[in-house]
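First chain written, first letter: the chains are A, B, C, D and E, and each begins at residue 1.
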């Protein structure tokens, strides 16, 4: 029993309550408290990460409390490598987001004074953010599937309010769409969760005990479907992706970062952990259709992204493409691909986060998300343009930047995976490689249209990034570049749990993973 | 069955009387005779479909129903309450005894509660 | 000669909660009759609340002392078993908070039968002096008494009587709203006509079953079915009609038509009472009939219940989307919830242990749903237009800005209805679905797939239902407030207490459901007396 | 012999039910409901004879009580609404719609 | 020998028919001569002659009346509801006849060689049957009033319905005490139960209540409000101005009176049993056909009593009538029933004697307390209201100009025979 993970969750909750209960008019104090709390969480996460032994047990920092004995539900938490890096991702992103959305709820004004979003309750926003953080940590840390489900669904609510209350013009539509999609998937998963409980007949929801509990292949398929649909919606995978562009475009930049950067990772995380390990036979049986879907996502996301006129939507579609890569990696059934996928989850969080935030700063200056409204920004705001460029390049997986490692590992792993006969996955890997080219098209084209060229009239009034904004983007860019050259710390943590996963799925592991880390 | 015989007799007589009346009497038409009698004034126009009953009588009707139902319950109670005796006056069974008394007391008190309410709400005041 | 009749025995101790409620109702009538007008309210309110609390205390005492009887009381007419006691507890708590709401609602007419604007009413108004009208209290007590009796009735006659004792005061209560008199009266009439219609069906069903079994006692019917031909047309017709009557009361499709009209027209505190207490009582009765009485006929009826449950969930969820009036919307939501409860009822055909599990789930669901409902309606009473409560959804636009706390609380109740995790509603829904899936898992039960299908229907319905709950939240929080939006009345102590209690329970049970689940488990483990 | 009574009771019940469904005047509807209840009573008494115990007749008593209470409440409601609106037609009660 | 329920239902059909015809004839003759008898009796009480033209002592007066009615024009007012209008008298008469079928006239006798009780029929629920028949005739009254489509008739019908219905409750309650003693609803067995003591003696309060109700139920003076010529012209029968329909209604009412007397005799006055001293001296008094005589004597005496009351008392006001029924008879009756039951319980069952007595005492005290309280409260309230009205009246009459009653000055010219000004009619 280790108290660390519950503490990690409790801190932001307490912080949220404190922020919410601050007296009226103390908006600034609220922001400061929120930032402090999130930094405290970051520190605590660092402590946990430092204490994590990659060579140790799969789940560490395990804590189990009885929660609902009548249902056999426990409050069970613990982290393996993948979960740890994702928790770390959340812990890193939240303070950045808090800093980034410092003025979001104050009523965002453009340079010429038009109000994009009206003044909203500041305390509520930051309190929601902290609640969301607690839930993000919870969802990754949960080892009890019921608890996982609870966080999985409950997470929607703060995000829903953040989009709905603080988002752009179409915010309520986007928020509702987001909530309903996720809720629907979640409910299907609920059925599967219940089914899992009874079919396994073990009177528990604890993940380690349920691994391998379902033997009946038909039942596996049904339950797998229940889980997978939920995760596919969350991830999001084509064809159930349509909520993401709306939600991400309408959400305030900070929320969009958390949405795309962390929340959606729950889907791929869930696939990796639950779909594969609980229902190995079904996972294998469904591999091909899912790979097809993933490839379609990759290509489709990329192509549609090219056609976007709205920056945030564009980034959202690139994310769909990237999520395709992650799913592909997860289901390629090879350790390299899966490690790559897990790594991609983190790197994508940094890269897309940086891109969203940079785009957010840009939009905040002009009040319009449309690419055509910009031009020549780099002349007036070179720092902003620079960050934007790095983030964009990370998005297209330029070698040397973190995304490249993971994307490469996914493709190599998929290419060489023998899981499904020789050719099939190889073909998939080749097709998805096309997306790399497409990625270059959409990212570079966007950068060219916004940053270069003649300076548009309204852009001339742009101020460059202020200190706060620099502090927002700098850590991300540092991480992107750092992990681009030196992903080993992450991979060291990730690899053992991926190996474990594959053992549970009964796929022989190769040693390519070792080679992959040589980057 | 015997009741049926009597009913046939009585009914036959009554229907015969009603049926024969038009034939035995004279017929002298007079408009006034066919109007409703209202002491000689022009009759009040009657609504199509029949007159309406004044509503105040509804309460009486409702009360009647309530108490009639009470009586329905009192009769079997009274009959069973009585001890059974044979022809020589020996008690065969003691009836329902105290229990029934108490229950009926409760029952009557309950009805009286409603009764008191109606009374106080002027349901028992007629003009 | 008359056969000698033995004096029956009555377990006064076991039935004490019932007796207290009915006794207090009678005293209430007397108060209404004899106490001077200015004193009435100050007598009625404590009397009503105390009697409800007293009855609840007695229920507690019975539960805690472990003296839950295992034989029916009052010569087999009433079964005060574990589930009954639990349901009684729920109903008493719910009616207690509803009475608090009623106490705060000053807008009842002087007398149910008074004509608007008539001399009677004006006279009553003149004497009113702002002390409010008090006829409502005894009526509520009578209704609550009926609600207590309804699920505990152990034979169909008692059940019918209880049904009427419960319904008749409610018919009147529906017509008591003073501000929207016509609407209210219309609701009252519709409720009455349809309710009477359905109870006639119930009764005819009872007659048919009596013809088959020669008794109306539920275990007797069960035995007769075991002995005789379970497909006797009398029995089939009987149970079909009985079912119509019962399903009407819980508002299951296709007998749901009355609910929206009545919920909308009735005064809101009364709606709260109906939506919580009546539903609880009626579901209890449904359980008892289908469990104790129908034990041997389950196979024939499961497809029917299946269809009804599915239809109810779908109809409730889909029609709710089209509603523009908040109470109507909640009414349809209540229909959908009735459907979920029926899913639970479906799940009562397994082994004793599984049955206890399903029963526990239903009891738990009833408790949490009832409390959340009362809370939601309590919030409704506070949002006022000049003409009364602001019912139309468009009036709620932007309320989140005007009254963030209130809207937040309301949103929370809505989320509980939608079954979002960390609310009590989710736990309830989970319990029901789990029970349903579990009941299909025993070997040799071909209904397994059907149950799973039903759960999927339920899930889809929940997702659809979530849409309209979320829509209200969108309206409240994401829309700009109208310039002449409704005012939020300063809540009085009672209403605040009601909302606070409901909120606490909804949150508390959502976070730690074991508190209620444990009790429900104890209550359900003994099952119904057969 | 008892079958005839049952058939009669069924017919009465059906008439009542049809009446409730097709008639428009609230009072007529209401009386149809009462007709249904009386059909039930007839069925109870008949079954009581057929089955050979008194329960059915006792039930008939209770049904009468309930029917009476229903009359009291129902008429009060209908009369009130009638006096408010000057119409007892169910169709005129049309305020409650969405 | 006293018949019990087992003695019934064995008669051959022809005996049944004979008995039915006898009963019918008895009632028809009873009506014919009852009307004459009443008119004669009442006239003598009022120092008049009464009918004395048709036949000896006017004996055929009713026959003449009947013939006259038969020969009068049969009117159908335009607006009446034809079917019900015709049906109403029939509905009134037939149940009235039927109610009599359960009245026992005597013990088991030999009728044309068959041993049969002198009673058309007896049922386990005979008294209930009688009450039911009484209730059915109310339909006749109401329908008569309603179908006539005339305000007076309508009002009369309603009033009579309300009244009959009110008194029926008190009447029904007054029987409960009897059943408590007799343990049965069968009339023949109730008669049997009065072997020792008449219930009229044993249960005086019940009897008194019944006597009052009897008048209300039969709508006789002082309770003949439904007809109330003074206020409602003819009440429900306004439009049945002539012909045999009216005759039927009259018959129905007479039959009600007879039924009331018959019930009084049967349930309270020992039925066909010989009055107390006679049977002590003479064993045969309750055998064979003699009881018919006793019954007839009691019956006629009761009828005389009814007529006597009619001759003596004025008609009461409607609200007084209803108040008496609802506010006095019913509660008194209920308390009385409980008291009887309590006493009965103590007498018969030794168990819980003290509790039984205690309950009885409680009932009495509670009833009295409630009663007194009610009465004083009412009394005080009435006095206060009266005083208030009087005060207002005083005030207003002193100042006729100040919006008070329009009291014309007493010195106006036309009071003194001087025509001041011609008011054209119709200008009002």
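Keep in mind that, in the parts below, a contact is a pair of C-beta atoms (placed from the backbone, for glycine too) under 8 Å apart; a residue touches a chain by one contact, two chains touch by 3 or more.
Chain by chain, the UniProt names read as follows: A = NADH-quinone oxidoreductase subunit M; B = NADH-quinone oxidoreductase subunit; C = NADH-quinone oxidoreductase subunit N; D = NADH-quinone oxidoreductase subunit K; E = NADH-quinone oxidoreductase subunit H.
Given the structure is predicted, the values throughout are model-derived calculations rather than measurements.
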| item | value |
| --- | --- |
| Chain nearest the global centroid, as defined over all protein CA atoms shown | C |
| Leading chain pair when contacts are tallied as C-beta pairs | B-E |
| Euclidean distance of C-alpha centroids - chain A vs chain E, Å | 93 |
| Distance from chain B to chain A - Cα centre to Cα centre, in angstrom | 82 |
| Rounded Å distance between chain C and chain D, as computed from the means of their C-alpha atoms | 25 |
| For chain B paired with chain D, centre-to-centre distance based on mean C-alpha positions, whole Å | 20 |
| Multi-partner residues of chain E (at least 2 other chains) | 183-184 |
| Contacts with 2+ other chains: residues of chain A | none |
| Multi-chain contact sites of chain B, meaning residues that touch two or more partners | 68, 79-80, 84, 95, 97, 100, 119 |
| Complex interface listing, chain E residues touching chain B | 9, 11, 16-17, 19-21, 23-24, 28, 70-79, 81, 86, 89-90, 93-94, 97-98, 101, 120-121, 128, 146, 148-155, 158, 161-162, 165-166, 168-169, 172-173, 175-177, 179-185, 233, 238-239, 241-245, 247-248, 318-319, 322-323, 326-327, 330-331, 334, 337-338, 341-342, 344-345, 348-349, 351-352, 355-356, 359, 363 |
| Complex interface listing, chain C residues touching chain B | 1-2, 4-5, 7-8, 26, 29-30, 32-34, 111 |
| Contacting residues of chain D [partner chain B, same complex] | 61, 64-65, 68, 71-72, 75-76, 79, 83 |
| Contact footprint of chain D on chain C as seen in their complex | 112-116, 118, 157, 160-161, 164, 168, 171-172, 175, 181-183, 185-190, 192-193, 196-197, 199-201, 203-204, 206-208, 210-211, 214-216, 260-261, 264-265, 322-325, 328 |
| Residues of chain A that touch chain C when the two form their complex | 67-71, 121, 124, 149-154, 156-157, 160-161, 164-165, 171-172, 175-176, 179-180, 183-184, 187-188, 190-191, 194-195, 197-199, 222 |
